[in-house]
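Chain lettering (A, B and C) follows the sequence in which the chains are written, and residue indices restart at 1 in each chain.
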Amino acid sequence: MAVPQRPSLDGAPAEPTADSERIPLAKRLEIYRSMVLMRQAEQRANDLFLQNLVKGTSHLSLGQEAIAAAAAAAMRPGDLSFCTYRGHAHTLARGVPVEKVLGELMGRDNGLMRGKGGSMHLTSVEHGVMGSYAIVGAHLPIACGAAWRAQYKGASDVSVCFFGDGTTNIGAFHEALNFAACMKLPVVFVCENNLYMEYTPIAEVIPVEHPAADRASAYGLERIVIDGNDADVVYETLSHAYARARNGDGPSLIEAMTYRYSGHSRADPAKYRPAGELERWKERDPLNIYRRRLEGSGVKAAALDAIESDVRTIVDAATKACQNAPFTSTDVLFTDVYADGGCAWRN
Amino acid sequence: MAELTYREAVARGIAQEMARDDNVVFLGEDVAKAGGVFKATDGLLEQFGPKRVLDTPISEQAILGAAMGAAMTGLRPIAEIMFADFIAVCYDYIANEFPKTRYMTNGQVTLPLVVRCGNGGGARFGAQHSQSIENWCMQFPGLKVVAPSSPLDVIGLLAAAVRDPNPVVFLEHKSLYSTKGEVPDGEIVDMLGTARTLRAGTDATLLALGMMVPRTLQAAEILHTEHGINCEVIDVRSLVPLDTQCMLGSIARTGRVFTVEENPRQLGWGAEIASIIADEAFYDLDGPVIRITAPNIPLPAADALEDLTIPSVSRIADTIRRALAA
Amino acid sequence: MNVLMPQLGETVAEGTIIRWAKSVGDRVEAGELLFEIETDKTAMDVPALAAGTLAAIHADAGQSVEVGSVVAVIDDATAAGVAPESSSEAHSALPTATESTQDATIDPFHGVRTPMRDYGKAMTARGVKITPLARRLAAEDGIDPSDLQGSGPNGRIVAADVGRAGTAGVKAEPDGDGIREIYAGVPLRELPLDAMRKTIARRLTASKQNVPHFYLTAHLNVDALFELRRQINAASGHKVSLNDLIVKAYALALREVAAANVAWAGDRLLQFERVDVGVAVAIAGGLVTPIVRDAGVKSLLELSTELAELIARARGRRLQPAEYTGGAGSVSNLGMYGVSAFQAIVNPPQATILAVGAAERRAIETSDGSLRAATMMTISLSVDHRAVDGAVGAELLAALRTCIESPYSLVV
């Protein structure tokens, strides 16, 4: 497929190149709604953190919504997604109720894993969310395993694996890419390049320009860099990659350029960013881009406002439900260490 | 009935399970076309084909990660890590991913996988290819760990491990690959979490694992014929789950206990068992719990030095004799 | 799914079922104890692999069956499947033995079953160290360890020293080699003594030497007892044994005759406020006496169930020491061997022990002077005269007679 235009790294607006009219309007509204949900949920999570209702740490996806929303929208039911500890958006994108996500962050009994996993491990097998992974790179080989199973069983599902720019330097990245490419596994690797590996600019720790795309050739894969803040571009690119995988043509590695508004984690005020960088990227806010484009396609502002207020209602109700939910009771403390449901390791 | 070597038993155990269940798949380095560097998986590629028996690149993290992804989505993979020491290369999966995922996801994810490794020393491979790493794996709640000492146990415990819905680390002993044992025909399935009393006795309980089992049996013979000391020898076999009841029952009758461990002293598997004994069997003890281990040094390569380091039959017998004669 | 006899050892081709924890028709959960088996080397709990209803049992308790044969069938049509696809029924996976009923009693916060016992300090008043085992044995035998000579390292008192103390004042044990010589030339096998044999020898010698025994015998008409048992077993699924009834009777009798519900503690008497009764169980190579606690208030069914479980574990040598320590009296029943009557040896510090003989048809005289046959059983009470005098012993025997000959008190 043709390589979509690569935006400049300093955040200057770029012309969309995907033919948005090819994507059904219903799907695009679904994508928009998904991004609105992520934006509001993450902002709410931030507020709850400041109120000390969310403990520990969490890694927000503010600014990176387009990738999660559009990639999920292009998946079919039965497709499997694997993401990092910055996984709230990816979890919401696959249909997991926001109440369960907020509940997990707040350590409540109504949480997605009843508080046993926490922010960095959001998992909902029923929705195909096969885990959020805290150890950098760990899930790339795991996604390969899920894809191997599909290949072995002749199943048509695709495993989609999301990770950051920093992951491209860890050993497991290279092992997974090599493994997937050698075996032509139905797995799609999506690198969300938000320009910073934790506190360090990624440019300082790679010898090439693009951390993922410039390593693709080492594994016989095509070099693909896209505008990660343009949901239509993401949708088209990933649809193509999924089709390739389902067709038996093997893995893809896609580098999607984006930017995170908050720090790496709660502990990080992100003072290492040069002045003006955040503002320039906010001019390319994925929700704003998409909203303008939808209005340009004839969708009424009132309809989009309605989506936003509908989502607000849902997020507010979820927040309230979580605030009222009990903290996880100790009856789950010793459950499900082993498959028999218990924790006994000796007789 | 047939006499099989330990390595033949490995192939037979894997084949038994792969023949029984199409979901059992097998991957590792040089395991397919070469039949394994220890020739323990000879014939499996021919019997089951390249889709089920996979030669992987040298990528320990990919091997274990792929096993996890396959297991969490419906397969029952057996992954080989050639030398147990290499577990350190992919330790994230052993420490962080396999044992914790079920718990963190509140039971959503099941990982019915087996990691088999060539464990232990005595083959002069040097410090980084000869370690006994049971304790590396024993410390993570959520993982199971077994170490067979005979061809029969290899098949039975491997079958049990494959059928277990939990992640299991299966530690074969490299220096036992050529040893022989009687194995009945037909399907063999044992139970994880069970120790086995190999020799009944009255004066002391000896707890051994892996290659230390035959050495401890020999030491017990010497102690009996030459010194009239009649020891009970238990093959621990399964560290997690641990058959404490078998061991405590024995100690209640003998009043003395020794562990025989191939690992260096510090935090070897016997330390945990000694702690349980000191707690639960305190009033059955007529003397201190004694651990017989390798000294706390890396394992040297030269044959004379390695033989001094790993507990020998004479060192085992001598330690017990002097402790009981005191 | 078929439940198979598991493979327990490399030279083992058979396993014996000790007991079924579930009955046909019971609901079974995955991981729940289903049955217990033993071979000549080990005993083991076997949990159910799948949840469902126990549809059939093909091998009863006490039966030996070939490894791999089907011993039961679980109807698991209702079992929820969470694990990935697994193999066909013909080779159903065996469960892992992670769970036995005992797991429920390990507090997961603590992680160990620290026994709640204290047998005194590690050092005697004279500054001599004493091993934990020796301390326990001394306490069990009622011996003051500070008088003992230690033969262990640095003069430490070890278990063997306690054994010798218990038999002090009598001729020392005969010299083994000397005895062996007496039988020179006679075909025989030398059997080394295990810890249980040594313990039995030591404790019963001490009992015969130190406890002033007297014996009370009675012949009891057990027609009513047998009829009661027949009715109970016809009505309930659980089979109550004759021994269960006798143990209950003994417990009730001790409750009634409180002065006999005692233990001799050397410098004092311990008068119990509940009745703990020991039951002598013959096991391979010896015997052990597990205790049923508070037997005086337990229902017949509770007592019977608990006793069955204790006996099974006793035979498997899986009793905890706390389970065979203590009690005010014990029951020893040799009736099943056809022994008409015998006198048992008191188990110190218990004050009494009841020896039960076989139930036999004998002729008795009826109220009108004619003869008829009745089922009679001879029981003997052995009593420690330091703790219980003749009249009290007789009262106990009379209470036993009442409980056994008019046995409806056993079911209230």
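Simple rule for what comes next: a contact is a pair of C-beta atoms (placed from the backbone, for glycine too) under 8 Å apart; a residue touches a chain by one contact, two chains touch by 3 or more.
Everything numeric here is computed off the predicted structure, so don't read it as measured data.
Asker: Find the most central chain, measuring centrality by the gap between its CA centroid and the centroid of all protein CA atoms shown.
Answerer: B
Asker: Name the chain whose C-alpha centroid is farthest from the C-alpha centroid of subunit C.
Answerer: Most distant chain from subunit C: A.
Asker: What is the distance in Å between the mean C-alpha positions of subunit A and subunit C?
Answerer: 63
Asker: What whole-Å value do you get for the distance between subunit B and subunit C if each is reduced to the mean of its CA atoms?
Answerer: Here subunit B and subunit C have centroids separated by 36 Å.
Asker: With centres defined as the mean C-alpha position, give me the subunit A-subunit B separation in Å.
Answerer: Using C-alpha averages as centres, the distance is 41 Å.
Asker: Could you list the positions in subunit B whose residues touch two or more of the other chains?
Answerer: In subunit B, the residues touching two or more other chains are 71, 73-75, 107, 110, 112, 144, 164-166, 193, 241, 243, 245, 276.
Asker: Check each residue of subunit C and list the ones that touch at least two other chains.
Answerer: Residue numbers touching two or more other chains: 83, 96-98, 100, 102.
Asker: Taking each residue of subunit A in turn, which ones touch at least two of the other chains?
Answerer: In subunit A, 338-339, 341, 343-347 touch at least two other chains.
Asker: Would you mind writing out the residues of subunit B in touch with subunit A in their complex?
Answerer: Residue positions touching the partner: 25, 51-52, 56-57, 59, 61-75, 77, 92-93, 96-97, 101-110, 112, 141-142, 144, 164-166, 193, 240-245, 276.
Asker: Please name which positions on subunit C make contact with subunit A in the complex.
Answerer: 30-31, 83, 96-100, 102-103, 106, 108
Asker: In the complex of these two chains, what residues of subunit B are touching subunit C?
Answerer: 20-21, 23, 71, 73-76, 107, 110, 112, 144, 150, 152-153, 156, 160, 163-166, 181-182, 184, 186-194, 196-197, 200, 202, 230, 241, 243, 245-246, 249, 252-255, 276, 279-280, 282-287, 326
Asker: Contact residues on subunit C for subunit B in the complex?
Answerer: Going by the criterion above, the answer is residues 6-11, 13, 41-42, 44, 68, 82-87, 91, 93-98, 100, 102, 112-115, 117, 119, 131-136, 152-153, 158-159, 192-196, 317-318, 321.
Asker: Residue numbers of subunit A touching subunit B in their complex, please.
Answerer: Residues of subunit A touching subunit B: 80, 113-114, 116-118, 121, 123-126, 130-131, 133-135, 138-150, 152-153, 159, 171-172, 175-176, 178-179, 182, 332, 335-339, 341, 343-347.
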